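Chain lettering (A, B, C and D) follows the sequence in which the chains are written, and residue indices restart at 1 in each chain.
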Amino acid sequence: MKAAVLQFPGSNCDQDALAALRDGLGIEAGYRWHKETTLGDFDLVVVPGGFSYGDYLRCGAIARFSPIMKAVVAFAERGGKVLGICNGFQILCEAGLLPGALIVNDCLEYRCLTPHLRVEEAGPLFNPASLGPLLRLPIGHGEGNYRIAPEGLAELKANGQVLFRYADAAGRVTEAANPNGSIDNIAGIRNRAGNVFGMMPHPDRAFAAYHPSQDGLAVFRSLLELPAPAHA
Amino acid sequence: MTRPPLPPNPDPVLNVPLTEELIRRHGLLDEEMARIRELLGREPTLTELGIFSVMWSEHCSYKNSKPLLRLFPLEKAETGDGPGRILVKAGEENAGVIDIGGGWAVAFKIESHNHPSAVEPFEGAATGVGGIIRDIFTMGARPILVTNSLRFGELDDPTVKRLFRGVVAGIAHYGNCIGLPNLGGDVYFDDSYEGNPLVNALCLGVLRHDEIKRGAASGVGNPVYYVGAATGRDGLGGASFASRELSEESQADRPAVQKGDPFMEKLLLEACLEMMAVPGLVVGIQDMGAAGLTCSACETAARGGAGIEIELDQVPQRETGMNSYEIMLSESQERMLVIVQKGREAEVEAIFEKWDLHAAHVGQVTDTGRMVVLQGGSPVADIPARGLTDEAPVYQRETRRPAYLDEVQRWDPASLPAPAAADLETALPKLLGHPTIASKAWVYRQYDHMVRASTVVAPGSDAGVVRIDCGEAGDRYLAVVNDGNGRYCALNPRRGGQIVVAEAMRNLVCTGARPLAVTDNLNFGNPYKPEVFYLMAEAVAGMAEACRAFDTPVTGGNVSLYNESPRGAIDPTPVVGAVGLLEDPAHLTPSHAGRAGLTLVLIGGFPFELGGSQYLKIIHGLKTGDAPSIDLEIEKTQNTFLLDRIAAGDVAAAHDLSEGGLLVAAAEMVFGADGVGVSLDLTAADGPRADALLYGESQGRILLATTPEKTAGLIQAAAAAGVSAQVIGETTGDGRLEVRLPGGSKGLGWSVDELHRAWSGAIEQAMHRPGIRS
Amino acid sequence: MSWPTVKIHVFVTPKKTVLDPQGEAVGHALHSLGWSDLRQVRVGKFIELEVDAGEEKNLDDRIDQYCRDLLSNPVIEDYRWEIASR
Amino acid sequence: MSWPTVKIHVFVTPKKTVLDPQGEAVGHALHSLGWSDLRQVRVGKFIELEVDAGEEKNLDDRIDQYCRDLLSNPVIEDYRWEIASR
């Protein structure tokens, strides 16, 4: 197993993602700089959180044009697995690898907290059977309000492309449990083919004993099709 | 000695004669002008006048506060080579550095951006964060966290709301974008700060001992580089009027506020750390903060005992036609000055190119001891560097004890009517619902407190705790806290100063951390008012006494004076940031007792007093009484005792008693834990007034939760250590806070849920905007 | 009964001497996309307001006041507005 | 030799069908300031570009392309632009 973590100049969760993969999962992982034009041989490419190029215009708008993203698009088109976390999710939407867009939170403020997420039947990798029905993962973003036109939403649902939805502690998907105004409480999605994933919550902030939850490990494992540890 | 005048400045506007008016408006006294002429051996140019004016301002020279700062201990009394040893002392460099063991160290410092935030809260606060982050990475440290201390007027005022919203959003914007977790801080709301909010930001970074960098220029001929953002006319600040009036451009085009670019700072941070990691590449480095290029150039030269020469034509400029006055005094953000080892210029340039940043070769180190500024090859300023820094004037200001102190300290609680049970009951939700005491989640949920994935205790507890990865040396767990009750300092500055430090220590100890050192920010009014200066002198003396008592040296800090609104000076508000280390992560102790069946033990007893309390303020509208009592020796003993009991595994939770007193602390300990309540038996606590018992703010008190099995041992250990400890109740499963009072009266009771709602919703509701979901 | 609407366009721009990180970032990006003749970019806000045309009298003053108090930050921004259609 | 510059104004607005939290917030605030006739507010971006007038030929296409690719996101925004001055 080998994973690459992209580094844009304003990435600031690159180290967290690398630590989650190396220390949390114990797999091989390394960085790829945004100015590089080739990717190399990996089982997973993580587009980490942060503020890729400052993101003053629109989150991910400029990152999309970076040299490494051409390689990422090609990798995804060959069926390679790509995970965008937070800013990474925004970048993948801007790059057209995932449908929809992320706009400013409806509270017009940044939100840092650890909500519950209801796991949807999203395919062989992300599903309640491999992850459990309810997760807790930290969020930290100002623009995580997922938007998609009604036809697009219907398609997402029809194809099982919704990974998680913000929920309350009992797993109910309510308006009060929605931290940013996302349509249908959507917190994460995948592409239709099932190899590109985007999520606002941070599995990379949920793997160590002192983190608010360790559910991030299960998320990475399901994605990499790693078995859960025997004692779990 | 007389020297020939400099040639005329290329910008004719700067060649006007230095009139009385110009000199006065640069804030320079006659004696200071005489000193300048003596240092230069001639009349200064206008550019030089500007340079002296900013370097000899309070902000850069500490001319009025230096004598007071000498009171602070700069090193640990108890020497040894354990954690806490001072590696870089306060005043030596941009930030102090202390040992945390295993060859690793932390650099940390607090700084204010009060006045810019009053003018433009968002940008003012944001650039405050940016500035303090640069002070830390200029030391060679990787910043790993920030905290902040905020003071505003009462939150029911719309202007205060606007400032509060803007400041918090600005801090969030800058810190979140760079990717530094915000681990906490404090916020007070009080009339005294109306019109003059306080915005103090702290940053802490980590480095190995052998990575410490100095802000010193040395090695004649070594090139001087300017790196980062281009220079604009921003923040020409207090000294700008001269050039503003001299040139024709309208004032509106030259705002005194700077705007920050956190993305730029992130690039600068990474590029600088990458450069500093290459052995031998960097000779010296300093950020451009207040007084920008001027301050970094003359300070590095003075520290290195060298001279420096810079050519302004080489300085990257954002605007056209900037003159030497403007370039030298600009406070554009996100810039650094770097002295590079000669012959290795290409290596530095390659690193900055990688990060798409300017790296401009603007000059070199000389052996003249002078700061020479050239434009188009001809000198526009030529000043002995030390004349601007070490030889800046220092004054002993006059002090006078304000008359009001005697009056407030004489206040007798007996002058208040004795409270009825109903009054005691209604007081608690009111206290919990006052923004000063209420939950600050509205603030810290806007701050990313989890980025870097190293946050062990997020904001909301007594102190934030972060894990530090020290490579081969293993992990370290560091606690950080801000404290600064200005109300106590207003009522009794000496005692108030002691309390500021003691409270910070208590907060660290409650999380299980052993205190190491503090940084301080002295926020006061106009030092030329003898009453204001008295308050400052006394508060600093009190802080210094406490620092010595706890053996926690001051590693650095900042002074912010002239904090006044038309109504007068703010409450004297020294703020400290304190750090401590957990010897073992297992010692981490929550301030929250999340389950029923725990015994509650009060450390520090029941002194009966109400002076300076939030109860007096919120319930009776009074700002009076003496500051609460404190005994530094007792506190020290208690802190040691508590750390010992934590290490022994006797403590399930610990929370210090601060604003609001005993009941507020007890309620906070069980908030958010479903169905958990508290039952307190205070029948043995006989005293003159029940309100003082419940809501007084006597210092040195901690509420502990422990298991019933461990209770007897804990009480015994306390007796052996000479610490006052008594069982006062337990946590229950009925979701109620119940209190039995002395004298067999009926007792008081509240629903914890309702109290929780008052506490968690107060700021939220005050800041709610119709039509926007919160 | 329904009034015809007036459309107002408000333009809020960063003051000339104030740093415009957004504009710089966009300029940088456009340059690297190959627009070498691009000299300067500034990014501001464009606000479209629609009001019932009924109350007319003090419309100008009103807009001016709201621009100053709410829609722009006069410390760092300039504004101007126009009636786009009636 | 220096070319005269062309000034281009780009207007990026949230699509009518897309939620505009900022516009709603501004609308609410203006209402509560007493502007009861206000019907709708949308908050978008106003981008000023300055280019050397030298290369002219494909300017229109070029601007169009950059608006589509970078300055706006067609999923959520519309754009239009005009030459403000030459």
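Note that a residue touches a chain if its C-beta (ideal position, glycine included) is under 8 Å from a C-beta of that chain, and two chains touch if they have at least 3 such contacts.
Keep in mind the model is a prediction, meaning the values are calculated, not measured.
*Asks:* If you tally contacting C-beta pairs, which comes out ahead, B-D or B-C? Let me know.
*Replies:* Between B-D and B-C, contacts are more numerous in B-C.
*Asks:* Counting in whole Å, what is the centre-to-centre distance of chain A and chain C, each centre being its mean C-alpha position?
*Replies:* Going by mean C-alpha positions, chain A sits 35 Å from chain C.
*Asks:* Between chain B and chain D, what distance separates the C-alpha centroids? Give it in angstrom.
*Replies:* 41
*Asks:* Please work out the Cα centroid separation of chain C and chain D, and write it as a whole number of Å.
*Replies:* Result: the chain centres lie 9 Å from each other.
*Asks:* Quick one: which residues in chain C touch 2 or more of the other chains?
*Replies:* 21, 25-26, 29, 33, 43 - these are the residues of chain C that touch more than one other chain.
*Asks:* Two-or-more-chain contact residues of chain B, please, as numbers and ranges.
*Replies:* Residue numbers touching two or more other chains: 261, 263-264, 356, 772.
*Asks:* Where in chain A do residues touch two or more other chains at once?
*Replies:* Answer for chain A, listing residues that touch two or more other chains: 53-54, 56-57, 61-62, 65, 106, 108, 181.
*Asks:* In graph terms, with chains as vertices and touches as edges, which category applies: line, ring, star, complete, or other?
*Replies:* Contact map by chain: complete.
*Asks:* Can you list the chain B residues touching chain C in their complex?
*Replies:* Within the complex, chain B touches chain C at residues 119-120, 123, 229, 232-234, 252-255, 257-261, 263-264, 318-319, 332-333, 356.
*Asks:* Considering only the defined contacts, which chain C positions touch chain A in the complex?
*Replies:* My answer: residues 21-22, 25-26, 29, 32-33, 43.
*Asks:* Provide the residue numbers of chain A that touch chain C in the complex, in ascending order.
*Replies:* Of all residues in chain A, those touching chain C are 53-54, 56-57, 61-62, 65.
*Asks:* So in the complex, which bits of chain D are touching chain A?
*Replies:* Counting only chain D, the residues touching chain A are 14, 17-19, 21-22, 25, 45, 69-71, 73, 75-76.
*Asks:* So in the complex, the part of chain B that touches chain A is made up of which residues?
*Replies:* Its residues touching chain A are 169, 172-173, 176-179, 261-264, 266-267, 270, 354-356, 444-453, 456, 458, 467, 585, 772-774.
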